[in-house]
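Paired with chain B in one complex and with chain C in the other, chain A is shared by the two complexes that follow.
Showing the complex of A and B:
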């Protein structure tokens, strides 16, 4: 059994928990499919009541895409970032850390497992949202859109891994940090409005969040002229920046995981019970 | 014919290549900073455990047993000193050790409540890269041997403590480790489950030449199954030998046991351990005496304090007596 195969098995096994777990509580379908629609409905009605008809469809498309990707952000923040905290509380962390696998595999497994319900939520938001609110998408380059989405996800989950490593050492503290990050990032990511409205400088700083750039790029591809007019940067530059962020976050996450694991072993914070 | 020679030769080479020491610990210390204080969890521990040995580590809560296991399982760094598992340094090359070891802790809450017993064990087997079909065969065999087959498809939030402990043991054994660390594996488990776990463990070791490091509070358990035992207190190993050799330490001493009515806050001139039996409304007082001349003294002191003696007898020393002699208190205190 080589190391690669062992890690693949670990990823599959960790993903299995999330997928099997989700499917055993069928109430998730209601929470995942219908409730998020309520969240985006408010923005849709505000835009419908106030926006110029020429740009309305572009704005509604943005709300739908924002609502769909919001699920991934929640998964990264609450699921992936806090993975090690939950596992520690449950008594699984020491078993994962004494197994002959990479820590990244645990996180990847968690991320992939979480993506199952998250993807259902995202797809349901797009299809049901478009259907109910009669929104049409201008889809000129579907492959480029998929590539942009995947690049955004890689960068986003890289950031999630970085959070996970930072939260490894901190128990309840990580919970508060997650709460602290949630609302400001909702604003700075431009889920429901063009981020350029915040002013170029704030928007530029916000673009360190992969979602801000990812959403802006996807909206350029799907939201027509208005979205391109209000884009933060040209698409190529945004894609290049997303690529750089993907590599950077993964690199930082791996380094940080190593560092934090060593620190946790030094300070005896990896497990609940000691002495 | 040549094939037989070849395999005999290969076996001989493999046997010689096996390290004779499964665990070696050299002057190991581990301190924890707790605010202003420094807790010495391990204080210069030296230990050698042979391959194929079932080694018991006896100590009360906070004596350093779990810290030692955590270090050996690569989950904690020592403050100083060195530790080796299968000849590999646990700090310098942890990744080389992890595939060879596993750990099961008492009152362990690991696993996912939404998954079944079988799924949980399978999940952890995958972290060791065991092919799924093989893992499932091993799991079914282990569940059968430990009497858990009926619960295989039950979600783990619905199983009892004893069943959970058996499941944890299956998790530890499914990876077929060379060295298994058991941190109080029968704590909180009923008598029958405890016996099943001990019996299976002995079978598993005998058939596979595996090594087990067992930490326990349970003196009877240690005496019954351990090849050698070390007594640890405040991070120091106080004694190390076979249970029978350890008991020889009390060859020249007399164990006096008295059954009395229950008396709270009893203090006497001679040191003793006391276990109350509330069902029978009696206390069992156990004295370790240098000679029999102290017996009349004890009886008269007890009479003066209105303690009613129901029975009195001399008994054989146990590991618990050794523990009290070395540590100065009962293991559960």
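Showing the complex of A and C:
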């Protein structure tokens, strides 16, 4: 078995755990579809209680897409970023580093598996939410929507790989940082309101998070006229920016992984637990 | 004496775990930024659609006090998971000459204190920056209903903790689901009248709805229009039943769950993967 084949197998193995593991417990599938719906419903009722009926459908589309996409951010934070910390605590990290495979293959496998599992659940959430709240989508270019979604995911999981490498040598601090990256990012990414409303400069800075641009682009494609009016930048520019972020995060993740691995080895922190 | 010692030690342990073990700057940032960002998310939604001021104030107070429901109720039930599966010390706590019920109460106390800091800072932020008109004209009603509510919430957390002793892998989702149900049906961020009629009926059965209503009435001087027919006295009575009722229920159910877990030999099981 050559090196390439071995790494492909590692990617498959790590992705398999993410897909089979999360589907083995059937109740988890129910909860991961049902839970986001509860939060989404609360935000939908906020707009139902207060918004002008003319813009309501565009707002509800935004909430449902935002709520479903939130699962990807959580997966990136907890399923990618925090994974090496978790594996360290469980005692598996030593085995990962002893195996004759690239660490990038492990991260790629986690990313692919997490992306697939979360996509299935997010789609179910969108479908059920749209059905319950009678939301209609304006879908003119499905292929462009799929391309936008995939580009967003590549950039997002690239960022997840970067987080994983950065958190490699940290202990409990990474847990707190991961927690800290929840609500503030929900706020800055425009999950439930147009990011443009934050003001151009804040929104521009927030665009470093791939979900901000991804959500804005996807809303432009399915949210109707109002979504286009509320867009931060024209679709083409947002897609170009997502492409640049994808390459950048992937490159930084690989570089950072090597650096942090060496640093963690030098400082003897690769196998330290409960710190 | 041993009960007081257990309570004090576990409250201190909770504080150490959640504060001192982290970098102080990171902990302060984490304790303040997270809740404010979470509330600001809804604030921006309200600003975006230019919602009426009274609805904004109701949402703000509801969101602030919901922090207790989330942090204390689910935090306490999460202690069992954390101690059993992550730190793997639950069996030692059971073996020690201490009372596990009071250990959990102590942990609930530290979570309440930490949440209180976040609540006070957020309320101050709301009053000074967001111009929420906090009049605080019923201090006694607030104090009594707040204490009863916190007792009920902590007791509910211990009931959940008891159930957690018997569960494998589902604890997180069950806790999160309940949090979602309360967030949706207690009218935390929107008026109850917008819910379908069955949803409104359900919300009137949840004690947390009355707890949030009590805090709104005492801090803002008004509450949710759907609860206009309910007097302060009725709210107080409901909260009294909630606080005392859940406290008694928690004592009984936690003992039952502990005994069952011991009989089944699952006190120290590890089910995470």
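Throughout what follows, the second predicted complex is superposed on the first by the 269 of 275 C-alpha atoms of A that agree within 3 Å, B and C clash if a C-alpha of one lies under 4 Å from a C-alpha of the other, contacts with A are read in each partner's own complex, and residues count from 1 in each chain.
Keep this in mind: a residue touches a chain if its C-beta (ideal position, glycine included) is under 8 Å from a C-beta of that chain, and two chains touch if they have at least 3 such contacts.
Keep in mind that this is a model prediction, so the values were computed, not measured.
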Partner chain in contact with A:128 - chain B first, chain C second, else both or neither: neither
Touching partner for A:177 - first (chain B), second (chain C), both, neither: second
Which of chain B and chain C A:12 touches, first, second, both or neither: first
Partner chain in contact with A:252 - chain B first, chain C second, else both or neither: neither
Which superposed partner A:91 touches (first chain B, second chain C, both, neither): first
Chain B versus chain C as contact partner of A:21, first or second or both or neither: both
Partner chain in contact with A:194 - chain B first, chain C second, else both or neither: second
Chain B versus chain C as contact partner of A:46, first or second or both or neither: second
Set intersection of chain A contacts, chain C complex versus chain B complex: 21, 25, 274
For the chain B and chain A complex, residues of the former touching the latter: 32, 39, 41, 61-64, 66-67, 70, 73-77, 95, 98-99, 101-103, 105, 108-112, 114-115, 119, 122-124, 126-132, 171
Chain A - residues contacting chain C, complex: 21, 25, 27-28, 31-32, 34-35, 38-39, 41-43, 45-52, 55, 59, 89, 172-173, 176-177, 179-180, 182-184, 186-187, 191-194, 197-198, 274
Partner chain A, residues of chain C touching it in the complex: 21-23, 26-27, 29-30, 33-35, 37-38, 40-42, 44-49, 51-52, 55, 59, 86-87, 169-170, 173, 176-177, 180-181, 183-184, 188-191, 193-195, 273
Residue ranges of chain A touching chain B (in the complex, touch as defined): 1, 5-6, 9-10, 12-14, 16-17, 20-21, 24-25, 90-92, 94-101, 262, 265-266, 268, 270-271, 273-275
